[in-house]
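Here the structure comes first, spelled out in structure tokens, and everything after it is commentary.
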């Protein structure tokens, strides 16, 4: 079961599809294996970048079973839904299948502090004793969750054990949460998203690791490990070497196609297919990725990586 | 099967719940009967005001079966979903259960003409030969669909047979669509929403009826019938008599609770329960509704209704 | 100087333009006179429906001078601006010209309780001892201001003397604010907007009057007076008689053109011109208004009004 | 006068303030000099990152005069405004003061293709023969402008001579516009924003340069020059060296404070003050910038820059 001590890299798993749009279960296996080999200490499935919204209820359950059955690490399942009935149904199924916990983003309609707090009270009550991750991703949800609200959720809901941090900008939020932790609040795990774009600074501010799906997850594992070992300069060298690609992947709407192209090029999945509705890549874009990858490989070689 | 000739009143059916939040199937029956008795020529279920988003996939299917099994009129099922897999699954189930067609609102992320058109191309392809209703509800979705895009969808997708019209303001849209119909475009059915707030003018602009869930659906039936009979003054008298209540129900976020309170007071459903997350009514609000209902009854009596 | 005891009807004044788009100062005079004759106890100028955003700084100042120089009632000036420099410049000019106070809506970027509160702290500091109205209009601004934030602003900023209330739905907000007033918080004036759509219920919940620009401002004066005299049934009869027109004017984006058409038809302004960018009315719409006005006149006659 | 041949780097100029919030005219001079020294071929003032919205009308005009009086390069003035009166007033003043053209972003309310096109028709008519830059910045405005609308504006409005490109993602847009140019459409200048984050790829797709305010504008000058000289690898080396800082500056809401901190550290402005409402930097953030700057300096030294 997921708890506040979780750390390292929970890779946000892509959901591979076949050219006809069907779920590619063989590629789920190979991708799961690749993530683990490259340093994942956990996996997060059915997140936004896992194209959760495009899956039928039956497909979602099948994917949960496939991944939990194969991965030897904690699996977090995204269960965000417009209503609590669907949320609870998928959460229960997931936990029975062996998941370690679930993740919930706020619905876009929430605005005030009270609305957000009330929503997570309902979430906690709905989920019962299932541990959950609070996903804080304003760019995608439109919901801004202030530090005081996060802290109140942490106080009110013992099953809230982790923050998926991808506010942008969000560095001060980590600092504020860690100070509150030192001042007596329960210290929850903070794993950071945003494709890894600020991972270095996030670690130095007190994050416990990454929860994101950058196509080179070994970057996250190496940066987190170097930070934890106190080798900050080494961490920066690695981080900077991947930066041009991190930035290129950080194109909203297109990022998933870029990521899947890289995963396919690396041989982790069979096809770079994004399910409809979703963008494909132009030939120009593929060449840009190829060039970035080649230069990245040279920089890594120079770092002995 | 739903087609372009649909007219009259397709009542947007509320979904009744028991005090513990479970679906109240007995009330579904009594509410269905009431809608038919009060003049519905069709029913629309699992719409936004049917709390579709708060249902699990299993509940949605059970409700579809219950309503289609009881109503002797065409049933339209809301199948809007973030992805096409879930949309297709519910659409197929619904049609097998005897639904007449489905309704699809655009996802909030769409912005440009091309994005909207492309989305409905995908919808039509996904649904195959299932007739569908294009739901145009900018206040709820944030998506503004111009007349030229609606017309292009009508041209490109023969299975688009109806517009659920609830743009606000939307009167000029009806006029423009009807003019295009006269100029040679396929004439689709236009049924209007917005709680009936502009029904009188909408009918005079060329709408075919109403698709909305005002708690006194007899208003829609009577106004539509009077308009079709050319008795415009009579239609206005009826419409005006209900106006204070229509307006009171038109409070976003609270409207559904008001509607369910009225439906329960009228004996159509057992409990005025709105499923979480959702607002309840204060005692003040209930008294306001009671007063409005009493004055409305007097006005109707004066009209011999 | 505006203070917490303000009540009655502060009409939101339209800004008349000539056919070539220039400000029509003669019509400003005649419209001001009409508002006063029809029962305004105050005027609010340069609000959203006063097309404030479309005026140059010079035009805004000239309009302030013209209205304050003619009206013998308190004048509130809308000074909302993206920045405090422009806000302060217009506020100072307005007060020197004889305005009674200013009105400030929050910028659309605000989200959290803390951001909103911080913004109004800055507003109060910027304005110094100028009394201000807090405009709470989520449909237009996208900013939801919870009751607790309003109360904190009232506590922190003695110069906040009035709430322009047009949350939708907003009835419970009035009740909550009045209860807080009874429990010891400073009681500020609450004047209600939304075109008068809920004025009757708002008065019964504890509002002090209206601040809105419905083209028949005598409705507001009469409803407010009847409510204050305890003649609730009379207030309802008047209110209901105007309801079809209130509702027709309540079409976003089009409402101002409808209002100006009515004001011109009534002879209060010379031209129904809306400055660009802004919508005009179709012939169909004008006929709809004419019909509504004729029926309204008959209902009022029946009420001896 | 600005025309379609504009290329190179139009630096988005920050507006310096004194600690008390007043405009710092001496720093305007020193910053202008620095921008020119570091390779600016033009300047853009009163843009979003120039805190235009926070200035009074008088301040805006004074700044325009100060910059146009000092810079020997074309100056573009941001004149975006809620209405055309204010837009025209500032545009006329600017051109009389010696500006080369103006820049207009769409108001956030625009949604459909037709609305956007109609708006720019009005802009062109309002501005008369003043050349203007179309600012395409969906992240800030919420308005998505499709390629077909841009091309129609270019066809309909001869005074539209430049696109400030900061759609995100926006690379395909450049390619599509350049292909249209080859197919016969008028070729306008495309200068790219987004803090320079994708400048390398933008140049290779056909952009003419940069219009952005990254605190190290020499990066833009050098990358653009290397690209134009066909030294793509050199351009990439330079670009990559600045990437960690570019990324750090790309934090919405905080970016301007970061930029001003860097400009002050470099001695170009006297104070890193952001006018209220606006965020300041924490001590942590300043240290992060210092570290990034130190490592950047080392990388540049290794590149002989």
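As written, the chain order gives the labels A, B, C and D, with residue 1 at the start of each chain.
Keep in mind that, in the parts below, contacts are C-beta pairs under 8 Å (C-beta built on N, C-alpha and C of every residue); 3 or more make two chains touch, one makes a residue touch a chain.
Chain by chain, the UniProt names read as follows: A, B, C, D = Dihydrodipicolinate synthase family protein.
Worth saying up front: this structure is predicted, and the values here are computed from it rather than measured.
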So if I look at the partners of chain A and the partners of chain D, which chains show up in both lists? B, C
B-D or A-B: which has the larger count of contacting C-beta pairs? A-B
Computed over C-alpha atoms, the centroid farthest from that of chain C is that of chain A
Only C-alpha atoms count here: how many degrees separate chain C from chain D in terms of the superposing rotation, rounded to the nearest 5? 180
When the centre of a chain is set as the mean of its C-alpha atoms, what distance in Å lies between chain A and chain B? 38
On a C-alpha centroid basis, what's the spacing between chain B and chain C, in Å? 33
Roughly how many whole angstrom separate the Cα centroids of chain B and chain D? 47
In their shared complex, chain A is touched by residues of chain C numbered 111-115, 143-146, 148-149
Please give the residue numbers of chain A that touch chain D in the complex, ascending. 168-169, 171-172, 175, 197-198, 201, 204-205, 236, 239-240, 243-244, 246-248, 251-254, 282, 284-285, 288, 295
Tell me, which parts of chain D touch chain C in their complex? 51, 53-59, 81-86, 88-89, 107-108, 118-119, 122, 275-277
